[in-house]
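The two complexes that follow have chain A in common; it is paired with chain B in the first and with chain C in the second.
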Partner chain A sequence: MYPPKFGYVIPDSLDEALEFLEKNEDARPLAGGYSLIPMLKLRLIRPSYIVELRRLNDLHYIKSDDKTLYLGALATHNEIATDQKVKKSVPVVSAVSSVIADPQIRNMGTIGGELAQADPVTDHPASLLVTEAKVKIKSKGNERIVPFEGFQKDIYTTDLKTGELIVEVQVPILKGYTYSYKRMEDTAAVAVLLRKEGEVIKDVRIAASLIGPVGTRLREAEKVLMDSKGDSKSIEEASKKAMESVNPIPSPRASAEYKKKLVGVYTKRALLEAMGGKQ
Partner chain B sequence: MGYVGRPIRRKEDPKLITGRGRYVDDLELPGTLFMAIVRSPVAHGVLKKVDYSDALKVPGVVGVIAGLKVKVDNRPENFPMAVNELLYVGQPVAAVVAKDRYSAMDGAEAVQLDYEELQAVIDPEKALQSKGVVEGKAVAYEREYVSGDPEGAINSSPKKLEMKLRIGRVYASPMETRGVLSVYDGNSLTVYASTQSPHFMRRFLLDAFGGRVNNLRVEQADTGGAFGAKLFPYPEDYITVEASLRFKRPVKWIGTRREDFVSTYLSRDQVHKVRFGFDQRGTLMGLTDELIINLGAASHGYYLGDITATMLPGPYGVKNVRVNVVGVHTNTTPLDQYRGAGRPEATFVIERIMDYIADEIGADPVEVRKRNLVRELPYTNPFGLTYDSGNYQHLLERAGEAYAELERKAQALRTQGRRVGVGLCFYLEQNNFGPWESASVRVRGDGKVSVIMGAAPHGQGTGTGVAQVVADELGIDIDDVEVSWGDTSQIGEAFGTYGSRSLTLAGNAALLAARRLKDKVRALASEIMGTDVEELVYKQGGVENPKDGRRMELRDVAKFTVASMGGTWNFKSDPSLEVTEYFGLNNYTFPYGAHVALVEVEDDGSVKVLDYRAIDDVGVVVNPMLAQGQVMGGIIQGYGEVFTEEIKYDDQGNPLSTDFSSYGLPRAHHSFRVSWEFMEEGKSAAPLPAKGIGEGASIGSLNALVRAVERATKSRITEVPVRAEGLVRV
Partner chain C sequence: MKVIEQEQKAKVRYKINGQQYETEVEPRRLLVHVLRELGFTGVHIGCDTSHCGACTIIMDGKSVKSCTILGVEADGSEILTIEGLAQGEKLHPIQEAFWEKHGLQCGYCTPGMIMQSYWLLKNNPNPSEEEIKEGISGNLCRCTGYQNIIDAIKLAAERMKGQ
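Up next is the complex of A and B:
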């Protein structure tokens, strides 16, 4: 398809972008464009203006200190997947980035764009939920930091208000955790982050994504495993709880029921792998 | 050292892999207008009014066409546009022509349709009980094939079974969507198209527009895949031509992917209710099949039911067979051919039957097939097809070895608790759908040889195969042979590329033309050399006289004919060094083969192919690298058809598969290693005894994969696609 006519704005600074977005309610910011441009071409959205963010270098970075990894909103999936800081400090985020779609998309797609678009079929939510990441949001003259959990409300719907942009994703650096990420592309995914003391699981975080409408922490499943040794019986039970606690949306290629079952299968696989000690 | 039989790299590739391909949308002509199609938003309805007054006000819009009617065989009355009845989502209703594609799309959006929705029928079995699905009709085609006494044979069989099999609907998924550029200069019309058959396209466009243009030329642009879907007349072909005639400007239409999904003819979509009887040893005694084919909103795909029916007995000797073909209408995109065209469906059904017989009597699937296989060739099947040549038993024995080997592997894996299974498919294919093909071999003044063929390949590499044949025949370097195709002004008549026919038919036409050319060269050279033509032999790219050792190269003969301008031609032989041949065979060719797959079904329901063997006998293999490419591609397409692909609709007939996220093509990570071997026992009766390899793998792969999953999961599978949902194990 071909998009309807729209204006294309190239701001010189973040402030200019924020100001323009605040004044023009139906303007849409454009990062990598991998979700936005198809929607434009299908005429599903009809913004008056597209505001280009690509050249705003102050949103394009990967930094860290002792406690936190800071991903600029324009960091691409490929940059996150290949950055050594990310690999060392939060390998689950790196691992998830590395399997998103294909190289072309990983080169164009950005973490800020992915989260703001809230397309139900994306990978990052699982890794950001298990790491308990935060999202830094800016508008003209204002700034707030919110937990990623709860930021995405529904399909294509987030906590962002008119004039707000995601500027950064903050991921806590967790020491002594093992992780795993298991998925079927476009269909279902489960991330697990786990810390044992001796043989006992002292912290476990499980989250599902790709199944829609938004990524979910699977706390019922986590409870089963807390302070346990993670034997096969408790893993089975946790997987069953995981399966029961999700409420996926069906897609043309997978029913909701199937996606639920996949959450069960991948929870089990991811737990087994994380128990095996992959760090 | 000849070229035939060697894995020569494709001559076509450098251009295509360096971005220098020239597809329809790459063609730019001054003043070209772009056309956008307004399509039916509903599956069924009464069309009351098309109001395009607002569209005409959109800046850049030049004009709108609505209500266009052209009479074309087996198409509805509402063709190429809906005039009073909307028949499926995606059916063209109007066309907006504008100075660029953006304003054309804006214009299309401004066209308003006034319609009253009618009940849509989507399910082919429900269509049988419905009335008025498409222009008042529900059943579009009926034909019964009977041989012997099928009911009697089944009833007197010691064992009988019934089952219902279903083969889902698929999209051909060419990398390039369909597109047409029509150029009218006030006198003659030139149409550039993404097509498999420019000559056929010229003929069907002449039927419609012959009275309005003096000359009509179709040129096939580089075509990015077709798989059968770019062969037959489409509404957009007529609409684009009509627009160029009306507005007297070049008009281009390029389908978007979404349009391609809803407008390009889809395929397969058959239901088979079979009943069969067999004896204790597994010999199939009788078979009946109620075959329903979902033709969608037109009837032109009916022949696929006929191909399926007549090939249903496959390579087996069963004599008592009845197939009742019923083609039904539904409010869906019309059906037509896709790689394999009727033979995958037939093979799937008969091979399922063989597997069930094996299960029922507890016999080895290879043994059951052995018992039923035709032993002597030629053999005329119950519906009059004469299987030509080969040794089915020998190939099955080879497949049996592979099967046993993979079974051993499977057993070892099963002991680890893994869900693995092995599947076998023996296939027989009917090829060489003709009736004939053309080729012209021309020696140019510089001695280079130009071959123009009527076949119209679009990725297969036929140009390389034909160059090998001609270079061998003329004893020249393959780099001195240039093969071209696709332009109706270059060779008189032709059919094109489909049904695994191109090398068999165009290859033979080129071979015969090259042979006759050698006689012309000898005749002319004998005059130039002043020798008796009988003394000259053609050898290694030239003629020579063995008696005195005198020799003249082909290029020198060619140069001689153009050496001087003016003067007179003082030879009895004419100066032309070109020969055109049209070649047809009086029978189909019947290649055959076997596929054996070892698969693992994982807990999440995905299926991993651990080992795959394909064994084919397609007669002479001109280029094993090209052939292997065809086999690989066909198997991956088969994997897609079995596991990932299916066109679906909701109950109202809204298509649910409209892009590559909702329609699952197999991706790189699904692919697997295939070991391919070939036998050359079953040669065709043609001078170049190749039988065709284009479709075998998309036929043989279905049951091999399905059976393997069936064995891995200890279930019965009667449908493709096999849904991962049904295989998941929590």
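Up next is the complex of A and C:
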């Protein structure tokens, strides 16, 4: 299978890339390519130009300070999964990165590419929603930082406008939280981040992804657990609320109804594990 | 900035199995095709959709699926294919282990399996069975001969420890 014909642009700097993308509305940036190249092969997109990003080293880093983890848009899933800073400061992001697709895809796939592509079957949204991460976006002469929640609008649709690129993902470093991530490949996933004071749950964040169309925070379920002791009755009720509040799209492997049920089951399992203190 | 137009060919250079190669590619050409045309036909085309892993190679030290990388994109990179593993007549320990444990049936997935095993053992010289399974989760064997493949990787890990 060959991709359709396109021109290829190798920019020397981020500014050059941004300028070219702004002037050529149907040009597409290429990061890891493991979503974009299959789409080209299937003729789902026919861009005039592909703009190569992989050599732009100023987008390729993992940094942190006391409060925030900064993931350059070209940080690969495998780099994020194996980086000790990420493991220590935001383990839920590390854990989610380590199960994306397969090892070869994690070696090429980038966090910026995954978020910009907004494929419905992606893992990162769950961890970025529970940590309340932000996305830094650049265009020629402009920069803006937006919450990740709301950035992905629908399948393959984001807040990005012509000429804009994701340059960084900023993840707050939260201390004293435990987490859990439960998933079935390509089907459904739930992430939980939780902080207790003594016996009482003082903060809990639950998010679902992989079910499509985009990742979602499950706030109705969170409300049930806030300031509770996380007894089995409230966990049951939270799982039920989680199940009721999602609206999955069916896939060849699973009906919408089945995915809904999985969200309920995974919410319960993730809550139990996070309550058990995994961190 | 370099712009290669649709019908234009770009000059690319790769270091493949230790030797320099230079060729010309159209932007739409995939790395797997370019490598096969340069004679590295051990790089197989299986599903062509980045699922099966038959086209797995090592590019700049990482295992990747060459059916989902453009030839132009890989310009300047260092590539290792199955042809580069043996030293003359002497097979690589992973190849030997696949042979001894019969880690193949039809053999179509084998080059990709071996290259992925190579990367796995480089990063984790002493993998558990679970880690081996996860490590080759991006490689499909249509004959479903996974048990012997896993045994072969275990044996290779054992033998490579001493090296």
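Following the convention adopted for this analysis, the second predicted complex is superposed on the first by the 279 of 279 C-alpha atoms of A that agree within 3 Å, B and C clash if a C-alpha of one lies under 4 Å from a C-alpha of the other, contacts with A are read in each partner's own complex, and residues count from 1 in each chain.
Definition applied: a residue touches a chain if its C-beta (ideal position, glycine included) is under 8 Å from a C-beta of that chain, and two chains touch if they have at least 3 such contacts.
These figures come from a predicted structure and were not determined experimentally.
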item: Which of chain B and chain C A:Ile37 touches, first, second, both or neither; value: second
item: Partner chain(s) touched by A:Arg253 [first = chain B, second = chain C, both, neither]; value: first
item: Contacts of A:Gln104 with chain B and chain C, given as first, second, both or neither; value: second
item: First (chain B), second (chain C), both or neither touched by A:Met1; value: both
item: Partner chain(s) touched by A:Val9 [first = chain B, second = chain C, both, neither]; value: second
item: First, second, both or neither for A:Met184, with chain B first and chain C second; value: first
item: Chain B versus chain C as contact partner of A:Met226, first or second or both or neither; value: neither
item: Common interface residues of chain A - those touching chain B in one complex and chain C in the other; value: 1-5
item: Footprint of chain C on chain A - complex, ascending; value: 1-12, 16, 20, 30, 33-34, 37-38, 40-41, 49-50, 52, 54, 78, 101-105, 107-108
item: Residues on chain B engaged by chain A in the complex (per definition of touch); value: 101-102, 105-106, 109, 256, 258, 603-606, 644, 648, 656-657, 661-664, 667, 724-725, 728-730
item: Touch list for chain C against partner chain A, complex; value: 1-8, 10, 26-30, 48-50, 53, 56, 62-65, 68-70, 72-73, 116, 119-120, 134-135, 137-139
item: Residue ranges of chain A in contact with chain B within the complex; value: 1-5, 42-43, 121, 184-186, 239-240, 243, 251-255, 257-258, 261-262, 264-266, 268-269
